[in-house]
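The structure is given below, and queries will be raised subsequently.
All chains are identified by letter, namely A, B, C, D, E and F, in their written order; residue positions are counted from 1 within each chain.
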Amino acid sequence: MKLVTAIIKPFKLDEVKQALEAIGVHGMTVSEASGYGRQRGHTEVYRGAEYTVDLVPKVRIEVLIEADDADRVVDAIVAAAQTGRIGDGKVWCQPVDTVVRVRTGERGVDAL
Amino acid sequence: MKLVTAIIKPFKLDEVKQALEAIGVHGMTVSEASGYGRQRGHTEVYRGAEYTVDLVPKVRIEVLIEADDADRVVDAIVAAAQTGRIGDGKVWCQPVDTVVRVRTGERGVDAL
Amino acid sequence: MKLVTAIIKPFKLDEVKQALEAIGVHGMTVSEASGYGRQRGHTEVYRGAEYTVDLVPKVRIEVLIEADDADRVVDAIVAAAQTGRIGDGKVWCQPVDTVVRVRTGERGVDAL
Amino acid sequence: MDVSEINTGDTAWVLAASAMVLLMTPGLAFFYGGMTRSKSTLNMMMMSFVTIGIVSVLWVFYGFSLAFGVGDSGWFGSFDLSGLGSSVNSLTFNGTPYPIPLLSFAAFQLMFAVITPALISGAIADRARFVSWCVFVGVWVSIVYFPVAHWVFDFGNADGKGAGWLAAAGVEDFAGGTAVHINAGAAGLALAIVLGRRVGFRRDPMRPHNLSLVLVGAGLLWFGWFGFNAGSALGANGLAALAFMNTQVATAGAVGGWLLVERVRDKHATSLGAASGAVAGLVAITPACAFVAPWAAVVIGFLAGAVCAMAVGLKYKLNYDDSLDVVGVHLVGGLVGCLAIGFFGTKAVNAAGKDGVFYKGGLELLGIQAKGAFSVLAFSFVVTLIIGFAIEKTMGFRISRDAELEGIDVSEHAESAYELDGVTGSGFGGGLAMVTGKMTRNDSVEGTA
Amino acid sequence: MDVSEINTGDTAWVLAASAMVLLMTPGLAFFYGGMTRSKSTLNMMMMSFVTIGIVSVLWVFYGFSLAFGVGDSGWFGSFDLSGLGSSVNSLTFNGTPYPIPLLSFAAFQLMFAVITPALISGAIADRARFVSWCVFVGVWVSIVYFPVAHWVFDFGNADGKGAGWLAAAGVEDFAGGTAVHINAGAAGLALAIVLGRRVGFRRDPMRPHNLSLVLVGAGLLWFGWFGFNAGSALGANGLAALAFMNTQVATAGAVGGWLLVERVRDKHATSLGAASGAVAGLVAITPACAFVAPWAAVVIGFLAGAVCAMAVGLKYKLNYDDSLDVVGVHLVGGLVGCLAIGFFGTKAVNAAGKDGVFYKGGLELLGIQAKGAFSVLAFSFVVTLIIGFAIEKTMGFRISRDAELEGIDVSEHAESAYELDGVTGSGFGGGLAMVTGKMTRNDSVEGTA
Amino acid sequence: MDVSEINTGDTAWVLAASAMVLLMTPGLAFFYGGMTRSKSTLNMMMMSFVTIGIVSVLWVFYGFSLAFGVGDSGWFGSFDLSGLGSSVNSLTFNGTPYPIPLLSFAAFQLMFAVITPALISGAIADRARFVSWCVFVGVWVSIVYFPVAHWVFDFGNADGKGAGWLAAAGVEDFAGGTAVHINAGAAGLALAIVLGRRVGFRRDPMRPHNLSLVLVGAGLLWFGWFGFNAGSALGANGLAALAFMNTQVATAGAVGGWLLVERVRDKHATSLGAASGAVAGLVAITPACAFVAPWAAVVIGFLAGAVCAMAVGLKYKLNYDDSLDVVGVHLVGGLVGCLAIGFFGTKAVNAAGKDGVFYKGGLELLGIQAKGAFSVLAFSFVVTLIIGFAIEKTMGFRISRDAELEGIDVSEHAESAYELDGVTGSGFGGGLAMVTGKMTRNDSVEGTA
């Protein structure tokens, strides 16, 4: 079992979702995040002073998958989330010991 | 050391917290998430058009524990979070190299 | 590759960011979290009843790094986030299989 | 009376006051709406907005007539003003002639008929079927509010007959302590009993989701209440000025009273307390505003603030879920105000009034006031209980447990109040919402752009 | 006429009404601002606020004069009142003398001139350059609104000349169904065409980000509209009272009409529907409020609510992006109201009016009304299209696609509306925002504390 | 003077205006409350709401009397009106007789006494102990505001004596440029010095947490200000109409002035700028509104907007933390307005005024205006400094550093403004909040449901 985590631009969420559906991944968990990196945020003005927001809105996606699917899933996400501009984000893959489906108590691959 | 992550229905948070307290786990980190899976969200209507929200509110819980406690903790969470209905969520367990308590700099089990 | 995750007090975010910059880490992902542990939250009053909020606002930081840098990064975060008071948080380190930069498709260390 | 006798100044004030009173109902919607949890705020506000709609329409067809129509009864009016089809030139008569257009009087009184049932809605937050609420409002105003308004506010026709029985009995209620607040408070208690407690009552804090909105509501209510109270003089005169001043200073006193109780009891003075205290003061001074001196208004307000601050805890003791404290504020505050007149009332400020206990008037006025207050309380409570159970047994009044847990905004209105956050509010809605087949009805969501 | 003849009651009402109408434009800002996505709400509200600024200034220098200045033309006024430099003692003349200060009339009418262009802004939410909008407003009021106000609202000078051509033709438009609502609606349609569709139109839901704010706006609009409609009597009299009552009950009917359509079509009655229905009713009764009986006002309101509820879907069918439904509510609602007078108008309530179809008046009035409505519609649509394209071709009217995606608040105003959450709103801003070199200009952010 | 001489039109306007001015203080609460960070918005709004309470109560017992009571002094009134125990039939005398009830005059003036200390609160956002603020307000109005109001607003008794020394000196301040705005601005500066800078001042952006709320506040302020300025005519007449029109167009000009400065300096026109500009214009035209022509009002407004837009940066340069710019907007704007009368004042619009520099009146009027403005400024600054330090040394005026960092809403009021998000606002509060032993006091949270 693997956990693939992706930090992407928010407006790419829909395309990533579709790409994952297309390769048979029907579940994921999404949350909000802020990214700090090469990409700079927008500028805000307040009482004549100018600020650059250095945290940029991002979306985090977590997908639990079978170990064998790891590369396919990572590639699908990268392909769908890419705009080619700075700040497109990162995707990484980590080992997972066990997964349980809360509803049934099923473990491992059956839990996905 | 292990990291147990659970995605559960928000209204089950309290019961999971109590279940963990009951088995001697006194710390955790909670955050908001949205789940995509078999469960469908509610319907919203806007200007005569109907939408089904496909992301459902979830709560993510992270608990750092001793490796030996992993099964007990996973089971406790699953038991407390179960309603038996679609969308109850997932619980998974991952390896952790080190844990440090920021306040004291203690490492490993002492940091929990 | 390693993933360092830190749960810290929100007002320490800036110092941690600077500490990481100082040791050459220029990227991270930040998100909001609530912590449950020894530290208790503030008290709120509603219609004559008093509540203690048991979830305390925290910030989660995730940093992907080369495996060799793990200790240095953990130490830098701990040093910067420490106030010595209860609730300073935890930092932990986990193994990562692969990292990909979405923009370019670069893998591994190049993706950081 | 000739049309040339219209007094433009009186009319100007009644028109302005009517608009101000209308604004109170949206104000109430915000006051209540901010106090609910975020998952049920829209339903709370909708209950107020739809009440404006329903009552206004009924008012045209028979409401105004039932309350103020020319007839012989002390219990209700008649149907002779149905349709409000009068020419623009009719003037007003209510006990004495008023040199203002009849339609301005009808509009002013309409706003009272609107806000009264809206007040009730706070007692049943988060859990009432919207359709059942609409039916309830229509029935309730027809058999409770319109008659009670006649009892209290109708001072009789030109032939000297037809005054409401409480008005005729000399009950002093300048702007509706009985007909509006005690009435709504008693009905709120009845409905809270009919609908039962919310899931999680006495377990979850259920704290206000948006206190800014509560304060916006309180601000608009305070503003509008000057129309409510001072407008009840039906003219721009000294009585209106007295009512105006008393309204302000009683409310001030009540903010103080409530916050002091909080400070002593809880160690903290809250913004919810300030807002609630203001409303409690406004409620209490409503019947009294033209019968007492300003210093007495301060005292009445202070008392109302302090008493109501304590009364809102009752529901936990007695285990009824008057969710947003309609009973604790409107029923209790209304009683404080109505009975206080029996003590503080004085001819010195208003020759048309009577002297109360503190002005050597003895207990007479107090007795009359108690009769007025408790008559309305009892009638409203009993009839509302009957209406409520009738609706509960026939169409059902409460939403399902699951719907309540998920949130009534979504289940009854298919809406959620806020889309503020980065994911769902970012405008990349396409990424988060999937359109069902239904959408094809108007073709609205095939890819475009 | 001597200054001693000022009628203080009429003046009091016109002053109060003017303030109420001013409040409508912020109210509109909130109504519209709550409906946009959170990334573009400030721009939406800024379009209204800046419109108040621009139009008020132009009004002083030539606007009032162009609309109401003494001249011979039925098409526009003159420049003789430029600067509004009259003494405080001038009284008002508009067809007949009014015993109110000229400046109070000018202030009242100013508020109409302000809100009309503000209404248009809803059609081009999320995508208009702010500077271009400012230019548009200045040009548009000068060549569209000021003349059209003359056509409809100027009843002529003391010498009997200079009435607007539609006013002279007997078009009945008490408070601006043509000059304000049809005018703004037609202009909104034109601008929606000029600017084109938003990125994601018909794909993303683009649901309101803050329905509480929408309802706050609706509440303030409703309140202010009493000034708009009843204030148009320019005095505190029976006509004002009729207009007031009709405004209330038509709006009530429209809330009902809209919610009923939603209930039947979508199974849910929404709070956005209640707010939109209220506005639709207010729009429709605007021209009619002093010419029809209250029962007819209910019917007109109900019709307007139901028709507009269906009309807002048109943009998806016809594929123009009238983002916040200026066409569906103001153009359609304005047409419903103007034409309804042709059916429901009656001398029975207002001797100055004419009888419509239902009062044996035949089709004459309806014809006149149609002429008024469609003349304004056509003029406004065509001229706005020209102005819009001229701006688009010269300075550009639309922001870039990237700016639109990121959000116009940030790109045009360098602001975001909310900082509520734990990270960015926690006040540890130093952790999240980096100050650019620019900050050194006023030294404001070196460490201190 | 006989009661039959009441002028209902004048009274109607003064009543409506009083209600409008009351609404300004909640409006101010929202304007200020939206500008703070989300962790301190409730405290900000509470400072305004509690001020309404405190000042209104004091007004009854001695405030009105101290300001307007019959006496011989130019420095303060007397105690003869204490308790406001007058009958409803007393009329008003202030230099000349006014045919309005004395209580309506007292109510109108009360609203001014309320908003002035509330204005000060913006200077000390996020850090003042709530109890200390309450004490400050009571003391400050008693020894600063009530006397200063006498200086400026009391035009003497029927015996020709007792006019305020600035009024007697011919200072032209129609609605409170000196007594309200310069007074509050100078006091704000003093308190900002007493309390010191916030943690993070000049380091963290501390941007507004809710600009919608800021705009709601600005909208209500703008509306209410018509009552403030035009109501100061104490009647519905030409002077009121002039004041009304000037209020509108000066504000419009100020929005333009502020946004233009922003556009040139920062490249972006902000919504905070539009709201602040509006307030700056309203402030500046307050003293001048009945003494200048409309075109001059536009100019004064524009100047005020531009100057204040630059003045708000001063605090960073001079390193005092006037958190929400009370100095930059109210002190500076008030000075601009008071001195501008010296240039633009003209008898042409108002025969009761004097001619200024631009109307061949020479420097006389300007000198008088400067005397008025700086007398109030100096008195208010010095006395406030003394009061402030006295409170700081005795009971303490500032909360602890930790409390400030965590947020004053929680530490002083045990509340947080918003519970919007999915976790804490979901209504599953039981999951997130643990009830302490205290709860058992009213048994309210044992499991039920």
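Note that a residue touches a chain if its C-beta (ideal position, glycine included) is under 8 Å from a C-beta of that chain, and two chains touch if they have at least 3 such contacts.
Worth saying up front: this structure is predicted, and the values here are computed from it rather than measured.
The set of chains in contact with chain C as well as chain E comprises A, B, D, F.
Comparing B-D with the candidates C-D, A-F or C-F, the pair whose contacts agree for more than half of the residue-numbered pairs is C-F. Chain B and chain F have Cα centroids separated by 51 Å. Centre to centre, using the average C-alpha position, chain A and chain B are separated by 18 Å. Computed from the mean C-alpha positions, the centre of chain A lies at a distance of 45 Å from the centre of chain E. Within chain D, residues 7-10, 12-13, 16, 20, 205, 207-208, 210, 216, 220, 236, 266-268, 270, 272, 313, 316, 405, 414-415, 418, 420-421, 423, 426, 428, 430, 432-433, 435, 442, 444-445 each touch two or more of the remaining chains.
Residues of chain C found to touch two or more other chains are 11, 17, 30-32, 34, 44-46, 48-51, 55, 94-95. Interface of chain C with chain D (complex): residues 44-51.
Those residues of chain A that touch chain C in the shared complex are 2, 6-8, 31-38, 55, 58, 60, 70, 74, 77-78, 81-95. Within the complex formed with chain E, the residues of chain F that make contact are 7-10, 12-13, 16, 20, 37-40, 197-212, 215-216, 218-220, 222-223, 226-227, 230, 235-242, 244-245, 248-249, 251-253, 255-256, 259, 266-272, 274-275, 278, 290, 293-295, 297-298, 313, 316-317, 319, 348-350, 405, 407, 418, 420-421. Those residues of chain F whose C-beta lies close enough to touch chain D in the complex are 3, 6-13, 15-16, 18-20, 22-23, 26-27, 29-30, 33-34, 41-42, 45-46, 49-50, 52-57, 59-61, 83-85, 87-90, 100-104, 106-107, 110, 130, 210, 213, 216, 220, 236, 412-415, 417-421, 425-430, 433, 435, 442-449. Within the complex, the chain F residues that touch chain A are 205, 207-208, 262, 265-268, 270, 272, 309, 312-313, 316, 325.
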